[in-house]
Amino acid sequence: MRRSVATKGFFAVLLLALLMPSAAFAQEDALNLGEAVPTVIDELNQTWVIVGAILVFFMQAGFAFLEIGFSRGKNAGAGIAKIFVNFSICMIVWWAVGFGIAFGGDGTIAGDSGFFFQFGREVAGEAASGATAAFFIFQFMFAAVSLAIVWGSTLERIRFIVYPIYAVVFSAIIYPLIAHWGFGGGLFAEIGDGVQDFAGSSVVHLTGATGALAVLLLLGPRRGKFGPDGKPRAIPGHNMPLFGLGVLILWLGWFGFNGASTLETSGNRFAEVVAVTNLGAAAGVITASITIALLSKKLDVGMAGNGAIAGLVAITAPSGYVEFWAAPIIGGVAGILVVLSVLAIDKVVDDPVGALSAHGVAGIWGTLACGLFTSPRLAETVGVGEAGLFYTGSFGQLGAQAGAVAITFLTVFALSLTTFFVIKKTVGLRVDDETEDAGLDISEHGMYGYPEQFIPAPELVGYGATPRTPALGAVSPASTKEEIPA
Amino acid sequence: MKKIEAYIRHEAFEPIRMELLELGFPSLTISEVKGSGRQKGITERYRGAELTNYLRPKVKLECAVAERDVQTIVDTILKHGRTGAVGDGKVFVIPVDDAYRVRTGESGEEILQAHPDPATA
Amino acid sequence: MRRSVATKGFFAVLLLALLMPSAAFAQEDALNLGEAVPTVIDELNQTWVIVGAILVFFMQAGFAFLEIGFSRGKNAGAGIAKIFVNFSICMIVWWAVGFGIAFGGDGTIAGDSGFFFQFGREVAGEAASGATAAFFIFQFMFAAVSLAIVWGSTLERIRFIVYPIYAVVFSAIIYPLIAHWGFGGGLFAEIGDGVQDFAGSSVVHLTGATGALAVLLLLGPRRGKFGPDGKPRAIPGHNMPLFGLGVLILWLGWFGFNGASTLETSGNRFAEVVAVTNLGAAAGVITASITIALLSKKLDVGMAGNGAIAGLVAITAPSGYVEFWAAPIIGGVAGILVVLSVLAIDKVVDDPVGALSAHGVAGIWGTLACGLFTSPRLAETVGVGEAGLFYTGSFGQLGAQAGAVAITFLTVFALSLTTFFVIKKTVGLRVDDETEDAGLDISEHGMYGYPEQFIPAPELVGYGATPRTPALGAVSPASTKEEIPA
Amino acid sequence: MRRSVATKGFFAVLLLALLMPSAAFAQEDALNLGEAVPTVIDELNQTWVIVGAILVFFMQAGFAFLEIGFSRGKNAGAGIAKIFVNFSICMIVWWAVGFGIAFGGDGTIAGDSGFFFQFGREVAGEAASGATAAFFIFQFMFAAVSLAIVWGSTLERIRFIVYPIYAVVFSAIIYPLIAHWGFGGGLFAEIGDGVQDFAGSSVVHLTGATGALAVLLLLGPRRGKFGPDGKPRAIPGHNMPLFGLGVLILWLGWFGFNGASTLETSGNRFAEVVAVTNLGAAAGVITASITIALLSKKLDVGMAGNGAIAGLVAITAPSGYVEFWAAPIIGGVAGILVVLSVLAIDKVVDDPVGALSAHGVAGIWGTLACGLFTSPRLAETVGVGEAGLFYTGSFGQLGAQAGAVAITFLTVFALSLTTFFVIKKTVGLRVDDETEDAGLDISEHGMYGYPEQFIPAPELVGYGATPRTPALGAVSPASTKEEIPA
Amino acid sequence: MKKIEAYIRHEAFEPIRMELLELGFPSLTISEVKGSGRQKGITERYRGAELTNYLRPKVKLECAVAERDVQTIVDTILKHGRTGAVGDGKVFVIPVDDAYRVRTGESGEEILQAHPDPATA
Amino acid sequence: MKKIEAYIRHEAFEPIRMELLELGFPSLTISEVKGSGRQKGITERYRGAELTNYLRPKVKLECAVAERDVQTIVDTILKHGRTGAVGDGKVFVIPVDDAYRVRTGESGEEILQAHPDPATA
């Protein structure tokens, strides 16, 4: 059936080919094994990569629900619109520009081919094949994850118009640059023996968190976050079950995120990566839960979830480089770090989802952890960098890792701050106070995310009552104070 | 005619409702309210930050009755509403000038509550 | 381990076979490569098809939550019962009858073997193998998707009993006929060089939407949908986050829906299909969002989501036939169409989820789009039809596509309208007004989907209060007016 | 790219290797087909197993939402914390101890190697390879499922501290013992020709349900569950849509649970298993729906969902052993059994999710069903046990199955009851009445799962109001009666 | 001044509101309440067990008006609120001593409701 | 004894509660209501169709006090409730005949509110 032509739909051929697989090959006379075997190996690799890409896609739902759970009910619908639009813009821009810059050649700074990527078009001097389509979409999903990370911290007060503008810049330039350096054979391959960041603790997560920091500094806290005494106050998210759904979906997606970053099934390495990832996440939950329970006498649901995310973020870079024993340590440290970091950051900046901590701090820790824990066996298997401090006693790899962290942070921060600064000075970053009080759902999207919670039942038609069309003029929902005296 | 308004604990409502029903006072209305007495605030925790909540959920029970029945109703509420702990609530009696039954348009005291055996009421 | 027999559970064998794969084969003396290679190719194909089937299964959850999000809270639980029961009936009927009609032979009108499909039983003259089990379950998932599409538009007013009746007819006859024509080597293979509908814009989506149209015409709008002046009024769905969850799950499932419609991994075509699918969906979100924002000054969350669905539906037929560049165009047009269509249809018919637009209009557009955009390379690869108007200048393929659309619509409409007409005249299609006002949850399922929203707290036991058993008799919840005077 | 070393990141190599797969192999001069083919077969097997493991992972979300949907809103957040913590502890303990006991050797009672499992370390006398990493994580997911089943019945009243304690015992000893007997070549392989439990109706589901029974007997019903007359009363769960989400996710995961229990793709058997699984589940929904509708005149949403679960649990053991025709029978009987069992058990014990029925009763039925329906063809293919009563007329296999059920039940019950008894006597099993009334969210986790439902809007900051820091001292939320008189 | 408190069906509210608006009484407040009359309980079913619910959702309408307007308001409520079936609800009239408009601090009867054409009122 | 009923904006409540607390009036009850004044409707949009909402969320504050304290309470509400924009709300004063504390069964004016320093009240 390979390359065979169906003239009467799929099924006739299917029966011929699939019911009698050897017969099908017999048709083509003699199966050229020397060609068929490398082909099937390649196809298996691509199958795994596409499964990974699909899992990583689902992380968009994970981010959406983590963030919606941590929002108030009046901003719940906005979280959905945000994910749809950002993901979609990222896709188009990545296709047009981003992929080419990230992977279209092996220059130190950026690629220069593969724009408007497709078949027949060349990438890095080679005609792109189906294999590259899998790579293209897999890497796109990473870009979309990185972009999603930026927005969690800006919940409940950012103007919608900011999303498309920054999404274009981020997907065309900011992320592709870092991806080129870290994954595409660029800058970071030239630091020492290469920087170790298996699936992107730094390339993906730190990049997103740094973008978040840049916008947070210009955006300011939500109204009511800090009391007149300057002390932070809790603004509880409205839905812990949805938050939990988000975390569990992210966790699920991460098996594709890390596991399929092998890009192949060779040696079943991907199975080890999946196991290591789960050990790291589990340890993150446990240490974060213990830490917050010790500090506040309550096992905070959100912190337990943040512990999972932090463990996952931290194990992302090392997942291809470390042995099982190191994973619970790396994840466990991340779980403690994320709690302390959330508590510390909460005093200064209003980060409603803890992205600076879970993706930023844990991302840095995870990247550095390679410099400590990478095993000689795996450094050699992957072929990047050398073993970590605990094996070699040398600070070499740790230094390379620190260098990559610093470069990533500074680059992303500078580019993002500039972009957001321009946005702030032109269209504006933040909704006005009235809109913030009313909620983004009704103000920016025209309807509450949970209409029945906010609109009195008799107004929600369907009781059989059929009131006449209003005689009085209608005003914009944003002007919540404009009423006429009784 | 009087209207009795009582702010009570959730768990007190069901026994009150059942005794009132037996006494011949099935008609009443409740709503969910939040009340503050001189109670302390409740500190809740969320991601390490604190939120102090000074208002506690209560049930507001409203019940319009004829003047002669007021004491019966109040006594029933007091009897079942009492735990002895702070927060048991308050009962207020408010004058009512007039009353109408929507279904029939009738008005006056007789529409208020249906005693099981009016003779003994 | 291939065919080997475990006598002591899995693990002992597993160790022998998997820890030393070559040893395992050595056992069987010499691995017959000429047999092993086609077998592993076949198994890889089936693995991908089963992964696809599992992804398409999850689309049931997608439909459920899209529809629940768009319902009022009093009808939220009914959406769950509906999905469970329809999916289950479809499975049993597909197994017993539907699969045989759709794929049990290559007659022009219908298949005639493979009923109560299983191993040992012949399908189309061949003994069914494991490969066909994958095909059987994959194609079933498509039938179930098509059936799910029918019901979204009937939300909040249809009688539950209608579901099982129509589900049987649809799964046994209506869908299998269309599937036989479009996928099974029947009628549509004989129109021109064959009709191009890679994964079913028409076969699956238009079929479902046509069934929806038939029932809608007989069912009528929800109470309160149209004012006395005949103008449509908004009946907002109660939960935009759940709606968003539904859309994201559908999007996820679509990677299996389109991607695994290659039915094999040959040439890594499936990876291209996945990428093309995502480009179409992304463009649908963007154009739908812009269109509704221009028309109403608000970025409606539901419309953005409908844009995603429309983009996905439209790219479904072309996903195996078009190059990357065409995908954003096809999806983008669908995004505009769906918004205009929802606004237009809303004036006449009450379609609470926009299925007529998102699956019907976009399905037609997607099917026709093949006639415009199919590339010569891919028409040849798939082996169905010829290249589209933009490559050939010929209207040939476009005509074939239009023919298939017309035949599909007319057939499904006639069969469905008849079925629903009979149902209406016998058991009845619609709940009475009181039930509709009270909500389907309490009336048909005995309990609200969100009991705490509708039942006063003191009645929800667990406060320690233990009221005696009621002395007064109980009445049916449907009779909301039957009370005894005070 | 197989084993090749990347010096400049992934992409350069990727292009070389993947764009020209045969070229890549050419590099290594001549591809050793005799080595490459068994390797790719092995890698395909492991890919499928890892896909299965990932699907089974997601069942954690399924359990979480099934249980949250069946809880009252005041206990919704606790369900999330529970899943996070139990799953994580299970992972760490399974890695350290459980896997070794279950699969680290083929002793009759327990394994004795493979603790702190990882590469370089030997398992059962063999150096562990990547293949075993897939097996390790796949089997772990089963352990985590079994543990999750224990807790559903304890909703809304158990102390959080009970989770970690029992989770350690369960993951280290209880489940690993049963898994060793049923899956690891231990005890059950020695009963007759071996006990047939393909994916664990008994090993996983009955084990979990038995743990649930043990804790329920010591824990007692929720306050208000039984009236003073001893009659059970309904305590409706707060969210049928979330319940439905849980069921659909479980159903999804089950395709991995059963399907990947083939542990390989050989002969495409996994596709048959997936199809059989779906037939069983569908039949469970249908019969449970009809049964409850006949008994109570209403199609209860929860019962329809329980029917799905029961069908899935029952088909789990037979899924690899029975032909298609048997699946709807096995699932259908389970659907009837689960409804009758829920109604009967509800009179005696308070099992809010019906786990005793759906996992226990249906698990027993499924295990016994092998003794009735196993086909000769499949008994031989799997290589365990013999055909069932309906083929052979012999009660032999049925007896073996019954023996395994009895041993499983008694072992798990004894060990669990002892553990929970010790917990009850030391830290205590149950929260006090005040905590139960207030809900676990606020009492044990410091915040409601849905804060806006319980806290008045003015207290939820963000209205611009910035009240001063409270002058009065704060009390613990658990003491809901401690107020100061007005 | 009087305050009218009516417990009515949800579907009655919209027609009442619209007629009151036309009559010059736009100002009112509603809330969701649960009421019991001598109605039977509603038996709901959940997983085979039963739950009997004695309280039905109603809308409480509150509206303070000048004494001379009371009858107009009551009549409007009775007119639209009536289905003739049990559960239509009740209307109570309660005395009000004083009234203030928060926006201006004004007090007294004139702040209560704005008649479209005060001369005809 | 009087009962003060105020319909106010959500954001006004917290400052009112805090000042009342300081003045010795910790006891009050609030509920969520929807009110209409002569305000315009708010047009919301959903999937292209429109929905006009004439009712706006308000907080209803209820507080029973001794006659001599009425003015203090009203003034506090007016002070913090005022934004000057339409929709600030209304305050009504309603007579109360009797009051009971559920916890103790005591009745009469002294159960109403606990002044921090009764001498100065």
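The chains carry the letters A, B, C, D, E and F, assigned in the order they are written, with residues numbered from 1 in each.
Basically, a residue touches a chain if its C-beta (ideal position, glycine included) is under 8 Å from a C-beta of that chain, and two chains touch if they have at least 3 such contacts.
For each chain, UniProt lists the protein as follows: A, C, D = Ammonium transporter.
Model, not experiment: these values are computed from the prediction.
Visitor: Which number of steps is the smallest that gets you from subunit D (Ammonium transporter) over to subunit F via touching chains?
Guide: When the steps are counted carefully, the minimum from subunit D (Ammonium transporter) to subunit F is 1.
Visitor: Check every other chain and keep only those touching both subunit A (Ammonium transporter) and subunit D (Ammonium transporter); list them.
Guide: Both-contact set = B, C, E, F.
Visitor: Which neighbours does subunit A (Ammonium transporter) have in common with subunit F?
Guide: B, C, D, E
Visitor: Comparing the two chain pairs, does B-E have more C-beta contacts than D-E, or is it the other way round?
Guide: B-E
Visitor: Looking only at residue numbers at the subunit B/subunit F interface, is the share used by both copies over half or under half? Answer same or different.
Guide: Counting which numbers both chains contribute, under half are shared, so the two copies meet through different residues.
Visitor: In whole angstrom, what separates the CA-based centres of subunit A (Ammonium transporter) and subunit E?
Guide: 52
Visitor: Tell me, which residues of subunit C (Ammonium transporter) touch at least two other chains?
Guide: 33, 37, 40, 42, 44, 46-47, 51, 129, 131, 233-237, 239, 245, 296, 298, 300, 437, 446-448, 451, 455-456, 458-461, 463-465, 467-468, 485-486, in rising order.
Visitor: So which bits of subunit E are touching at least two other chains?
Guide: 11, 17, 26-27, 30-32, 34, 37-39, 44-46, 50-51, 54-55, 83, 85-87, 94-95, 103, 111, 114
Visitor: Have a look at which chains touch which and call the overall pattern line, ring, star, complete or other.
Guide: Contact pattern: complete, every chain touching every other.
Visitor: Please output the residues of subunit A (Ammonium transporter) touching subunit B within their complex, sorted ascending.
Guide: It is residues 232-237, 292, 295-296, 298, 300, 302-303, 306, 339, 342-343, 346, 354 of subunit A (Ammonium transporter) that touch subunit B.
Visitor: In their shared complex, at which residues does subunit D (Ammonium transporter) touch subunit F?
Guide: 456-459, 463-465, 467-468, 485-486
Visitor: Of all residues in subunit F, which touch subunit E in the complex?
Guide: Residues 2, 6-8, 31-39, 54-55, 58, 60, 70, 74, 77-78, 81-95 of subunit F touch subunit E in their complex.
Visitor: Across the complex, what residues on subunit E touch subunit A (Ammonium transporter)?
Guide: Touch list, subunit E to subunit A (Ammonium transporter): 10-11, 13-15, 17-18, 26-27, 30, 32, 59, 103, 111-114.
Visitor: Please name which positions on subunit A (Ammonium transporter) make contact with subunit C (Ammonium transporter) in the complex.
Guide: 1-12, 14-15, 18-22, 24-25, 31, 33, 36-37, 40, 42-44, 46-47, 49-51, 53-54, 57-58, 60-61, 64-65, 68, 76-81, 83-85, 87-92, 95, 116-120, 129-131, 133-134, 136-137, 140, 160, 239, 242, 245, 441, 444-452, 455, 460-469
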